[in-house]
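Here chain A shows up in two complexes: once beside chain B, once beside chain C.
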Partner chain A sequence: MRLVVFVSRRLALLAPVLIGVSIATFVLIRVLPGDPVLLIVPETATAQDIADTRERYGLDRPLVVQYLDYVAGIFRGDFGSSITTNRPIATDLAQRLPLTLELVVLALAIALVLAITGGLYAARHVGRWPDHVTRIGALIGNSLPEFWLGLVFILVLFQGLGIAPPPTGRIGTGFDVVRVTGFISIDAALSGNPAAFLSALHHLMLPVMTLALVITAPMLRSVRASAIETRDGDSFRCAEAHGLADRVLSRAYLVRQTLIRLPTLAAIIFGNLLGGSVLIEFVFSWQGLGQWALRGLLLRDYPVIQAFVLVTATAYVLVFLLADILQAALDPRVKV
Partner chain B sequence: MTPLLDIADLSVAIDGADGTVRALEKVALRVDAGEVVGLVGESGGGKSMIARTIVRLLPERSRVTGSVTLDGRDVLGLRDDDLRDHRGGGAALCFQAPRASLNPTRTVGRQVVDRLLAHDQATPEDARQRTVGLFTEVGLRDPDRQFDRFPHELSGGMCQRVMIALALACRPRLFIADEPTTGLDVTLTGEILKLIAAQAVPGERGVLIISHDLAAIARVCDRIAVLESGRMVETGPTVQVLGAPSHPYTRKLIAAVPDIARVREAMASPATANGDPVLSVSNLDVVYRARFGRHGLRAISDVSFNLHAGETLAIVGESGSGKSTLSRAIMGLLRPTAGRIVFEGTDLAHLARRDIRDLRKRMQMVFQDPIDALNPRMSVEQIVSDPLRLVKMPAHERRPRIEAALSEVGLEPKFLGRHRHELSGGQAQRVGIARALVLDPAMVVLDEPTSALDVTIQAQILDLIRQLTRRRDRAYIMVSHDLATVRALCDRVIVIADGRIAEQGETESLFTRPSSPVTEALLAAAPRLSPEALSMKKDAHVP
Partner chain C sequence: MTALEASRHSRPVRINALLVAGAVILALVALAAVFAPLLSAWPPTRIDHLSFLEPPGPGHLFGTDSNGMDVYSRVLHAARIDLGVAVAAVALAVTVGTLVGLIVGYIGGWADELTMRGLDVVQAFPVFILALTVVAFLGNSIPTLVLAIGLINAPPYARMMRAEVRSLREHIFVEAAECAGNSRTSIMFRHLLPNALTPILVIAPLNCGWAILMLAGLSFVGLGVTVPQAEWGAMISAGAADIVGGRWWTTIFPGTALFITVLGFNLVGEGLQQITGRRR
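Let's turn to the complex of A and B:
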């Protein structure tokens, strides 16, 4: 019951956040230099042509009217259309958001597993070689640029060993997957086509691996540090001094306290990945959100940028809500 | 009879970055079943090191020589399952700082059950019942309800009782309590020590109490062992060690204990109401407001008193009685719900925040934990000059004021460039006092100024405060639960209980003829080293 109240209060917070974010984006991108109209009209266009185009997109109206019109559209599920491609934003979002989410969620899940096991392992052997190997490994993954790491993986695992599929998108050619959820691997599984499902997973392999390696290091370091802190702390020492069995010691007196801080860190990383996966998307020809948003930004495609910021902001709020609930579940001192 | 615990020739050396530290040197200690042994000495002397050696929890880089035998078993040679069995089942250690030593993510009941199951003291089915039984034994009220609570939901005293229950759940042969009374008020200290001493059972279990507070534990110990810088300097029956100490260090420890029978010396002229009071509190109420219209917590109700220049007033009471709330209100850190706090003619209750800040130059505070109260990044000079900077005194005028303040607290100018980590606890507290004095305030509030310090250092700081209070142009308020100190230093005493004044009056009349049961209880609980007090303990303890 308390959880329901907590969640509804936080969701109610979503409204002011989105209103604030949308106004700020709306105004800021129009203040930035660069005019989308000049980018789409032909070079021979006269001043009259430009004015006409501007009018066609409604960009000649006062800012307030444009904003209210935009908000009214959102309530009808209409995010407007891209200025440069004329495609409805909603269609693009429905196609691209699942692609990026699949990538990011899987990468984060794998990174979490790596970080927790690696961090606990390193902490157990602190100062000895397993610790150094784990930490240096994570550090290397963290310090290499992700696009370069991605290219190396392609070179070695696709071209060299032939284990990985070519970096040509989301799924192999020739599969006919009926679109249900937009998440290709789920849709392939739903369509009862095992070959398509495997191909979808196979294509996830390299980009997910690259992304996971890049984000593991900060989480691993955090887990290792708090595991050491907990193990050297009085509550663990006390349990140890009272002769508790190793299994109880590590499960009830070490791991849980160690993981208390992880959800917040993971949420921050998730938020960064939503827009930050763009380089990986380029390398693997992944038609995801990042590429779309970057292109929108470069061409000053106002509706694209606005929709992207709204989606990211919503995701941020939701993910932090989830992180807070997880943290409260781990730490009884935190009240939801 | 072979002793339960026999430590012989124990030396511990710890290799660190700055060379090897010899923590213990040829230490010998013996505890019999049924016996309560007190291990005393100042912090850093190696007391906890002995406890950690017994449960084999020494730092990795330590080299141990000598022998530790418990119940005939060679403790230093134990491995794996035998070691696990020895930890808890052989010797169970009650950690100091119980709240920090409990697992914050697990209910206290589950933590006891973990111990019961580890030492086969219960089946999972009856573990809960056994735990509730232990909670009852250690005096937790409402034991069934406490089972499902987390450490952060319990008070400090309750955490200490849970910690004792944890150790008892292992059913140890030797029960070790490390500084079990730190942070507890006098009444609670007495109860907890009695509870711990009661665990000694002839033929079954011995008790080792480690403490820097000789006066507190002397009441319950059969024998006392005195440790100085890793060496055992004296061991013997309590009455002998206290009555006829043979080693100078023991004599120093005993002399440092503030004696409650000691009357305040040389009171030139008992400060009486001459002129207007510096501080006048009338009908003060402080209510902590709760959220959503629930009933607030009434922390202070209807408190009135006056304080004159030259006077030293003590505010005493148990923890939770409202002492801290009252001192915070006086300092203008808390807004009173009702009543007046008039300081030098101005009512704090109706002042704007920035005006209170101006007034605060005239009232200063000395904090309980001297180390915590100093900024680690600032030198002594910066710390003491901070108040001067806030009143915008030009930089070149500050230096003489700072040096004057330091000399007032007995520190030489060479301390100016030092930082917090280069100061001892006593020196840090002197710096804290100098910071309070540098603006030459009309009133200084001392919040338990000695309770975080070792006994010998306590005595020095109290001497300093005694000298300061001789100056007749400044008023002091001392918040304390240490009645001996209060008697030695203060003109008048206010006893607070449940947020109300239980009694107030001249120190001597209050000590000799207490009129309130609260005062009587506090006086009775105060530790003392007099022969009568010790003989009382002996009568109570002989089976």
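Let's turn to the complex of A and C:
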């Protein structure tokens, strides 16, 4: 019941933020200098051609009308069309979003496991070598540029040792995977083609490894610090003094209290991952959302940019909501 | 005086190893930036028409890139742009964030409410994606990059400052200052600001590290600094094509420089957090 109230209240708070985000995206792209119409029309266009193009794309209407039209379109699943390829944005989104999600979700899952086990282990050995290794590792991970790390992995594991596939995209050439879910590894598994499935997994190896390593660092630090804090806290020491079994102590007292702060941090990291995936997709020629947005940004394809920014911001806000709910579930002290 | 008190008073100032290590790294990088022209025989954008993609050797210490430019000289000169932009952007972020947080935290009311809701919206965007979008439209000159990276990093400072000011506002010394007839400006800048600044100054070095990574990332995808200007991210980007083929020097050297510099900022940041007791 408490959680139901909490969730509904959070959802109510979410609406103004999402409206704000959609207005900000819309206004940002129109206020910033650089007229998209001048990029659509050929260089020889006359003033009349420019005015016609503006009218054709509805850019001559008042901003408020354009905005309402845009929002109405989104509710119908219509994000408009790219001005450089003429493809519907919704089609591109449906095709590319799963490729990016595969990277981001896998990296986050692996990093969470590494950070939780590593952080708790380090906290149990404070001041000894597993702890030092963890702290140095976290410091290095926090300082590594993910795009460069990806290139180093390509250099060593593909170019040098030959155990990784070339950085040429999602799957090896010559595989024809029927799209069902859009997640290539799942589709390859469904198609009953083991070679395609293995190739899909193999191509995930380097980009996921790169992203996961970089984001493990801050979470590892956080888990270690809060585990130490919990263990030195009154409630844990009291429980320990009462002679509770180690298993109870660690499950009921240590792990739960330690992980209270992790959902919020993981949500922030998820936002970083969305940004970082643009760089990683660039490194590995991964045809996900990031590459699509980057092309849109370089060509000032404003409907593409608008959709990309709106989708990533919405995903980020929703993940934050999820983190808040998780935290409220873990911590009864969180006010409803 | 008891023995315990004596030991407390005579305790030497503890030197923080992380802080020192970070400061030494940053000092070296800063020296490299300042004396880059003296430390390298080749100007950073001069093309050696006799050697393209030449491996490291006596003629070119770190080799040459695919344009025939000296990698060693470019790595050194890049420190100027990377350090300069990052430090300037963080200075801007701290200034803007602090001012906004100080003012809305002190006066409160609808200005405060409006600002906080605005920050909610700005912070709903993943930072790097916001940076990509702003820079793609505003252009990629150095002042624009400083402005974009600076403003994008400002909201956390505004929040931190506001929180500090709101708790300090209740203290008796503020009330005393008000009763003594100090103006609002004087209370904000002479009484509140100095007392609220510590957490912000502790975060700033860490933020410099992120700012460099952000600049390098923007340049890496072609939206920040572009070749022939020497910048680490742009150099890594240009060198990425050489990797398949085993020509490692065009990416490894600038990447290592970038990594070491960010590490320096992180060490200083971590050291400061330990000293001020904000992290163990």
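In this section, the second predicted complex is superposed on the first by the 314 of 336 C-alpha atoms of A that agree within 3 Å, B and C clash if a C-alpha of one lies under 4 Å from a C-alpha of the other, contacts with A are read in each partner's own complex, and residues count from 1 in each chain.
Note that in this section a residue touches a chain if its C-beta (ideal position, glycine included) is under 8 Å from a C-beta of that chain, and two chains touch if they have at least 3 such contacts.
Note that the coordinates shown come from a computational prediction; the quantities given were computed from them, not determined experimentally.
Participant: Looking at the superposed three-chain arrangement on chain A, would you call chain B and chain C a clash or a fit?
Facilitator: When both complexes are placed onto chain A, chain B and chain C end up clashing with one another.
Participant: If you stack the two complexes on chain A, which partner ends up touching A:242: first (chain B), second (chain C), both, or neither?
Facilitator: first
Participant: For A:317 in the superposed arrangement: first (chain B), second (chain C), both or neither?
Facilitator: Only chain C; A:317 stays clear of chain B.
Participant: Of the two partner chains, chain B (first) and chain C (second), which one does A:143 touch, if any: first, second, both, or neither?
Facilitator: Second partner only.
Participant: Based on the superposed arrangement, let me know which partner A:297 touches: chain B (first), chain C (second), both, or neither?
Facilitator: Second partner only.
Participant: Of the partners chain B and chain C, which touch A:228 in the superposed model: first, second, both, neither?
Facilitator: Only chain C is touched by A:228; chain B is not.
Participant: Which partner, once the models are overlaid, touches more of chain A's residues, chain C or chain B?
Facilitator: Touching more residues of chain A than the other partner does is C.
Participant: Does chain B (first) or chain C (second) touch A:309, or do both, or does neither?
Facilitator: second
Participant: When the complexes are fitted on the C-alpha atoms of A, one of 237-245, 381-389, 453-461 or 489-497 in chain B overlaps chain C. Which is it?
Facilitator: 381-389
Participant: Where on chain A does chain C make contact in their complex?
Facilitator: 16-17, 20-21, 24, 28-29, 32-34, 139-140, 142-145, 147-148, 151-152, 154-155, 158-160, 166-167, 225, 228-229, 271-272, 274-276, 278-279, 282-283, 293-294, 297-298, 300, 305, 308-309, 312-313, 316-317
Participant: Could you list, by residue number, the parts of chain A that touch chain B in their complex?
Facilitator: Residues 233-245, 248, 252-253, 256-257, 260, 330-333.
Participant: Would you tell me which residues of chain B are touching chain A in their complex?
Facilitator: 55, 57, 84-89, 92-93, 95, 97, 100-106, 110-111, 114-115, 117-119, 150, 152, 163, 166-167, 169-170
Participant: For the complex, give me every residue of chain C touching chain A.
Facilitator: Touch list, chain C to chain A: 117-118, 120-122, 124-134, 136-139, 209, 213, 216-217, 220-223, 233, 236, 240, 243-246, 248, 251-252, 255, 258-259, 262-263, 266-267, 270, 279-280.
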